[in-house]
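Two complexes follow with chain A in common, the first pairing it with chain B and the second with chain C.
On to the complex of A and B.
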């Protein structure tokens, strides 16, 4: 087999497809480890049923108690649906320390609650809530105060959909708060707040970029199809 | 690699495709590739042969030096290197010195030098060397002139020198704190080096045999964090992970999981849209999903007989050649399952009937030998072939059958797709890129090991540890302590079971038993190859012989 070793003007090493495939073939990835990655993804992202099924179908043990996922997802869902009060109660049922030790998260949840009140047109209730619950917290922290003012500004507009702070009413704000709660719960269970798989994919992009500096080799440019593309020589 | 692809296309039975899994089935027996990096030996003591003799005296433990003469010029420095160069296949190498006595002038240096360094000069004074000097706190890098670097150091100080392979930098510490870093231009192999150069200067060196004053673990953790932060900033296409997980479930036929996963992703707010490449391709991967699921379940439960039946019914082309790798793997597994439930007699019968024919076939013999060797042990699970009894072995067989079924798809474009899921291809690419980059970088730095990554518990990882405070650290420490105790026990156990086996081997020369006939693989090969049955074998005798052995030992 001929191993083409040639040096470009840039002195980059060129690795042919054949040679690279041989190197890929030498990598022995354990099925067990891949199963663990998939399980970690399902569990962290909160796919309870899928995780349960995967445990049965693959024999892979989850790295967290599956029962706690249901509770966590219930909290997340409550925020996503705008039931913030309900969510706060559920978090405290799960572990009261989560909100006690996380003033920023607690503030964001309260802020979300205010947003929901405004969304539902409960102006008086919203004002009362802002003054009694949120303002005292804002005094503790300058950035909280700014956030609070920004949120209260929603009340100043007749047509909130076109106002400068309108994005607070967007669904993405709920999702942002929901994922913040989700992460805090996971951390409280001494679990990573993000699944490992996306980090590995990022690492792949990084590793390919790094190797680009030294060599031309078959790359995977489209992660979703994992297709190897010939090096541009 | 490329030949595999061709053979499958030309050979409808696809025997060659199954061979891939034959290789995988033996992975469990070999020690994992994870241990490769730890093979690199680190310095343990000072080199007594290649030091500037005459100017200094070394202690008998080869870990401290003293300058005994009176220095007269720049060519009578007492220099000594470590017995080995600094290992490179890691993130960081580090060592420390303790200045017992700064002598009359405190002309002490710590640094790194190349193998053929002039052993009468201070590290940093000559090319291919680098040194942090105690008397002026300067860093010397072979230019003859020092550069302002850190504080001076003297009696009672602990000074450290290290190489950070990720950033390609030297770094030095004083009393546990980093004083500075400098780019490492030197690509040659470097020896930890210390120097003393005035009367009564005395220095002790610590190559890690004692705890360092500097928190190396924390330093490494921070270095990894820096890299992690850079990597985390990279953005990914939307929902790409979801797509990869989905294709994984499809590929291996985890039908139930897939069903739940699809349902869940569709019902989340907002629904997760997973791009599917195109209609026909999707249809192809769904190919035989239910059959693949059923077969995987049977094999995972150890019901190999039923799996064979189903295969004969659904995919006769896969099992028609009884000498194909897939059939072989299934036969081996059947044999293993019999051993697992203790049906040794039946196992022997089955082995003679179905496995014997594979002894002559190249590529098959290793696995078949390991299978038969299971009979040799009273507790096969703890033996060197115990890996066969693990779940992973069933998994390999199930994966082989899964791949074979995928390969029967008439619309198949690339048979490589049967072997590897997208996830596996991406992970292989990642590992290969990291390895290649390191090898183009003079083998310096850490390699990427998925295994370490996949099993890493977040609690032992870095980001959280930084927040848990003192108590948390203690908890982490105690966990690792517990784990090491566990490891020690495992190693002891392994030794004992090994010992038992070897003493049993010795004993079998003194005990007249039929057992050795079955246990010596070579004889079995000969016997079966010649078609002569193995004489007088029964399981009862086997048991009795074993208890004899135990008594004798």
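On to the complex of A and C.
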């Protein structure tokens, strides 16, 4: 084992910074492609103003109608602020098919609505809502029923911040629901639900890991600055 | 300490009470003269029903759909200058009612919304068009949607106008209409010749949703149509096919599934395409991997796998090598599965185990049988039927029948219970499984009879549904196959001679055939069992004779002749009775059916007749001489002389045996 590792270590090729930068310079990337990636990120993540500005400055056309981003962001924001009913109505105005054909998303939005009612201490309203809106969905689907039971359990605790299902009241739950709606709206608009940039970064990390086994080279360790770090020889 | 919040809360009103309260208030707002009030009421209604099947149903029952349909119709009449919002909202409500269940589609169609929605497609406001197209698409998800006849030019023009639209919802609607309406080869040809195929190939380059819709309707147009497949494969010098192949690697599981379904359709229609081992293996792996999807794609992937491997041994082998049985079993083991998923996996298992012993032994080694047996008592009738189909396939070989031996009672009790399932398809599937399980195993037979299976089968053989009768008779036929006399006796006692005679004379030829085949197995073997056809003054034998006189289907002739052939192997009395059927006493100038059968083009029928005659004329038996004379008088001997060089080897050999037997009595023809 030791012998093998040693052999691997000694057999690795070392690529110097100059050599690496020269190779990098040989790779031609079109500026328009880079711009498209940036635009794709802005549009998917919903940065309307930035996308609009970027379009004017770079001349890159977004692959989706910018007006629809505003609507999508309004929905996302409503969920993030806890105005779930408002968000549902907005989605239904945008495209009534989304919630009608996506029972899981619909359930999660209704569950979020219940969570907000409980958060605001509206116990009676919460119970009525759970019974009328959520219980029938639980009957249709076993996993919904389990989630519903977990949510209703919030009512049983005086100190919700310290109960086993307390994480439902966390702000992260709202963000989770919001991003689920966001993705569904994008899919309904024939748009990919994730921006391309993060998956490119994942590919970069994967490629570096593959290369690590064969060579020592200037690696990018800090993705936010993308600085090349000298190989440790 | 947790406190109980629900104890102090007053009981909330029940859901239906709340709905009814909303209903009357909504109805008055919907019929308001003020369009703004109407729009608001429609929007409220829409937000209440979307995603909520319970509410949709209660609002339908309360009669809200016609009110909405009226608004839609009058707003559509008012033309483009009217407020678009009223159209958008009413179309959306209608679409939501139609989404996801047939009761909704029915209510919507009954209210007459279809023409109004179609009119919205040519509205100048794009949002109105979107709304109309979406709602029509919802309707087209259901079998109840109206069909377009593509052989009519007007329908074709309408469809092409949809597919040529810039609006994604409208092209999607076009694709849905194709999937729903295109059924016959003529329609497929009309569509491909009118340029629809070309248009759909173009849409493969479109948006994500257009790609999926195009793949699905392409499969509809080329399915089982060799001409359309070769037109597709040859399109754009093969580029169309390559792009479908490329889409099997797409990021989206749904697209991958649809692309592979399309390739499977091509392969199954024209086996000359997609034969290289690489693509075959890739499809199997892809479909297995798609089972991991938790939604609809995962549910449908088993059905696609089935169509890829059904009836194809090479594909089943590839699937076995790809660990398909292990993988499907692991999915089936999961506790929370919807019924569609369970059904699909069971059917795929059935196809996998339908031919290869290696697949069946893998199945047994995993102890997968227990899961299939559990599924026999599943809530869903489709799952119960699928479990039966799976059992039938697993027990197709003697080897696996032995492997499942220890399971006898555990399988038999629920299976017999399924014979009186409320759903005919389950009964049929159970019958076919029983047919394979009871064959040739005395221990299993007696367990089956102990479980009350025999009475059930006899009951079903009297069913009004001829499919059920045929299958019940088929199972009974296997039950008596090579059974011992006591077993046959109890079966015959349950069936009775009069029932058998009336089944032989049933109006349905397939029932006649199965009844005769059952009798053939019943009288096969010992001399005592031949007596069965003589019960009640020989009504069975007479019925057989009558059927053979008028038989116009070779299959009925074959089974009937084999009954007589088995009877003719009995004693002198038996042989004479058969003679009476073959050569009627009263000579009214009609030719015996035996001559007709001997001249038949069906070699199996000729074989059956010649065998019977061989049995009747064994020279060592005293009455044989008289029978040969009768046969000669009826012209049967001379007919047989013409057959010494019959193209069928077996007929030829048996004819020579018979002629040899005739010779021992001297050839009276000279």
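We adopt the following convention: the second predicted complex is superposed on the first by the 223 of 233 C-alpha atoms of A that agree within 3 Å, B and C clash if a C-alpha of one lies under 4 Å from a C-alpha of the other, contacts with A are read in each partner's own complex, and residues count from 1 in each chain.
Following the convention adopted for this analysis, contacts are C-beta pairs under 8 Å (C-beta built on N, C-alpha and C of every residue); 3 or more make two chains touch, one makes a residue touch a chain.
Computed from a predicted model, the values in this text were never measured in an experiment.
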| item | value |
| --- | --- |
| Room on chain A for both chain B and chain C (clash or fit) | clash |
| If touched residues of chain A are counted for chain B and for chain C, the larger one | B |
| Partner chain(s) touched by A:166 [first = chain B, second = chain C, both, neither] | neither |
| Partner chain in contact with A:59 - chain B first, chain C second, else both or neither | first |
| Partner chain(s) touched by A:155 [first = chain B, second = chain C, both, neither] | second |
| First (chain B), second (chain C), both or neither touched by A:204 | first |
| Chain B versus chain C as contact partner of A:95, first or second or both or neither | second |
| Chain B versus chain C as contact partner of A:190, first or second or both or neither | both |
| Overlap of the chain B and chain C footprints on chain A, listed as residue numbers | 187, 190-192 |
| Of chain A, residues touching chain C in the complex | 88-89, 92-93, 95-97, 99-101, 103, 106, 110, 123-124, 127-128, 131-133, 136-137, 140, 142-143, 155-158, 187, 190-192 |
| Residues of chain B defined as touching chain A within the complex | 1-2, 24, 27, 32-33, 228, 230-232, 234, 236-237, 240-241, 243-245, 248-249, 252, 254-257, 259-261, 263-265, 269-270, 275, 277, 293, 296-297, 300, 391-392, 395-396, 399, 421-437, 440-441, 448, 450-451, 453-455, 457-459, 461, 464 |
| For the chain C and chain A complex, residues of the former touching the latter | 1-6, 9-10, 12-13, 15, 18, 43, 46-47, 50-54, 92, 95-96, 99-100, 134, 138, 168, 207-210, 251, 336 |
| Footprint of chain B on chain A - complex, ascending | 13, 15, 18, 20-34, 36-38, 40-42, 47, 49-50, 52-54, 56-59, 63, 77, 80-81, 171, 175, 187, 190-192, 195-208, 210-211, 214-215, 217, 220, 223-226, 228 |
